[in-house]
């Protein structure tokens, strides 16, 4: 069965970000697939590449990166959420004449249509809210 | 069967009336504290969230701890998932 | 094509989440059959006469008037939550169908997916 | 030197805020007279036997044992909220003084500043 | 006099018992929705928050709208400020 | 009278960030002073220099920058909050070998001691929580 996963919370600020990751891992471990993970609202903060948490704390953002890259799963951060929260790829950084980009590897900034498309085409959609 | 998830105490008020006979309810994150009080329906609480909060052995009898794998399995058996937060 | 029920449960202005929820509803209605159910403090999104010029947040309640044009199918709210709020439908920017618990359960059952905001 | 009352009202693990609140209390107690009052879901921070190894959040409840060593003056909680929670003081990692409404009001009055977390 | 601020409905439960005779209560942000219901004390609601939410003319008589300048003035007249959220 | 202001919420995600700014402006307009504004928890996100909100939305972060610089008021973002949330100045970016810094002008990253010091020394401390 194919899952779409929606994440509304930022690492540390909300356990939703961690719960969604644990859920996503369990989906794959159970032999199911994930068509897309969509980071909305504060979930977009997960894609920030500059996070440097204390060594004794779980680096949730990095674990999402590794999960997405290692399993070839699309991690989409909503562009509107990202712009409001200062998460930029190079294209957006250039467009808005900002000093640099900070999108983490494994994440792609894209539009809200990706949430709808994932929701429609997945067998199940599960939201981790805040 | 519809699968409802609840992640905090205040979200109970949102869904209390919407849970039908035969639906399933998963408590996660701060929602597992609902397992301390009597509820009008049985619930399943994510074990790692229960343990992180020191609630093992403190929950009501109508709350059963489950793994993420069982949460996933419930999703596949449900017609859809409704998340309350 | 999967139909989607949007459930709005957050009040406006206290965070951007309610506004981003409406954005998602408008986007969804361009692709498939969508309905919306307002519950709890989500009903506060509908209050007429929101005036945000001084606060500086966006008065996205004006956008609800476009839901019919966007082809949003059913626009409903929780009748128990409406009664508890002390408001009534006349206080709202658009016509909303108040549903009792059974009606809301049916609405959820009638859609393939639920997106909560 | 101003004394500070810390009020903790958030549960642990659902967000980092409770943990960051304890950090602020420990820092404050190095500089001035501090007390702490647990209210509402903040009482859940005190529950004994939190085991976070698998979840991966930090079990900062272990830090409460150090409050006396840090010279934190009074460690109190809301008695009404304790009763409502269904827990009792035996469930907590440290001794906490349950206060009724009048006692909590006095505690607030007895400190110069209040920091809420 | 202690000045209490409340910024959401759920915060009322935290402070309801802690407001003494003579204290003042400021409602701000989503806390202004408390002005729709009867409360055991009088309140002052930040006007721009009331208007943003369309609550002008809808609040109970025990709720009075104030400007930020009056909020600041209340802070100076209070012994301390206690924020409930 | 001298105020310390504590901000727990991020721009857009929480109105607390905006309320605190409105309050801070009113403090100065009333002839009082502000010894420090301390950004804690998600409040640290206010110091992100890469935010690019839609043109019809209030740029709360930029307004804080202008307020701090224009009135010579210390805006301190807590270092622990910042590291967990990916808000870095050049020193921290170098220390953690990150690709760049993103701290906004007018903001300084510093320790929790600054919150305590401000609270002790101000006549009033007001927290804008989430």
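For clarity, chains are labelled A, B, C, D, E and F in written order, and residue numbers in each chain start from 1.
By our rule, a residue touches a chain if its C-beta (ideal position, glycine included) is under 8 Å from a C-beta of that chain, and two chains touch if they have at least 3 such contacts.
Keep in mind the model is a prediction, meaning the values are calculated, not measured.
Chemist: Output the touching-based chain groups remaining when subunit B is disregarded and all other chains stay put.
Modeler: Subunit B out, touching clusters collapse to one piece.
Chemist: Starting from the Cα centroid of subunit F, hunt down the chain whose centroid lies farthest away.
Modeler: Most remote chain from subunit F, centroid-wise, comes out as B.
Chemist: Where the centre means the average of the CA atoms, what chain is farthest from subunit E?
Modeler: Farthest from subunit E by mean C-alpha position: A.
Chemist: Between subunit C and subunit D, what is the gap in Å from one C-alpha centre to the other?
Modeler: 38
Chemist: Round to the nearest whole Å and give the separation of the Cα centres of subunit B and subunit D.
Modeler: Using C-alpha averages as centres, the distance is 27 Å.
Chemist: For subunit D and subunit E, let me know how many angstrom lie between their CA-based centres, rounded off.
Modeler: The separation of the two C-alpha centroids amounts to 25 Å.
Chemist: Just the number, please: Cα centre separation of subunit B and subunit E in whole Å.
Modeler: 34
Chemist: Hey, what residues on subunit C touch two or more of the other chains?
Modeler: Within subunit C, the residues that touch at least two other chains are 13-14, 16-17, 55, 57, 113-114, 116.
Chemist: Among all residues of subunit E, which ones touch two or more of the remaining chains?
Modeler: 7, 29-30, 48-49, 80-81, 83-85
Chemist: Two or more other chains in contact with one residue: find those residues in subunit A.
Modeler: If we look for residues of subunit A contacting two or more partner chains, we find 8, 12-13, 15, 41, 57, 80, 84, 125, 127, 129-130.
Chemist: Identify every two-chain combination in which the chains touch.
Modeler: A-B, A-C, A-D, A-F, B-C, B-D, C-E, C-F, D-E, D-F, E-F
Chemist: Which part of subunit C faces subunit E closely enough to touch in the complex?
Modeler: 11-14, 41, 44, 47-52, 54-55, 57, 59, 61, 85-87, 91
Chemist: Would you pull the subunit A residues touching subunit F in the complex into a rising list?
Modeler: Subunit A residues touching subunit F: 10-13, 41-42, 45, 48-54, 57, 61, 80, 83-88, 92-93, 96, 98-102.
Chemist: Please name which positions on subunit E make contact with subunit F in the complex.
Modeler: 5, 7, 28-30, 46, 48-49, 67-69, 71-73, 75-76, 78, 80-81, 83-85
Chemist: Which of the residues in subunit F end up touching subunit D in this complex?
Modeler: Checking each residue of subunit F against subunit D gives 6, 8, 40-41, 80-81, 84, 111-113, 115-117, 119-122, 125, 127, 129-130.
Chemist: What does subunit C use to touch subunit B in their complex?
Modeler: 7, 9, 39-40, 78, 80, 101, 104-105, 108-109, 111-114, 116
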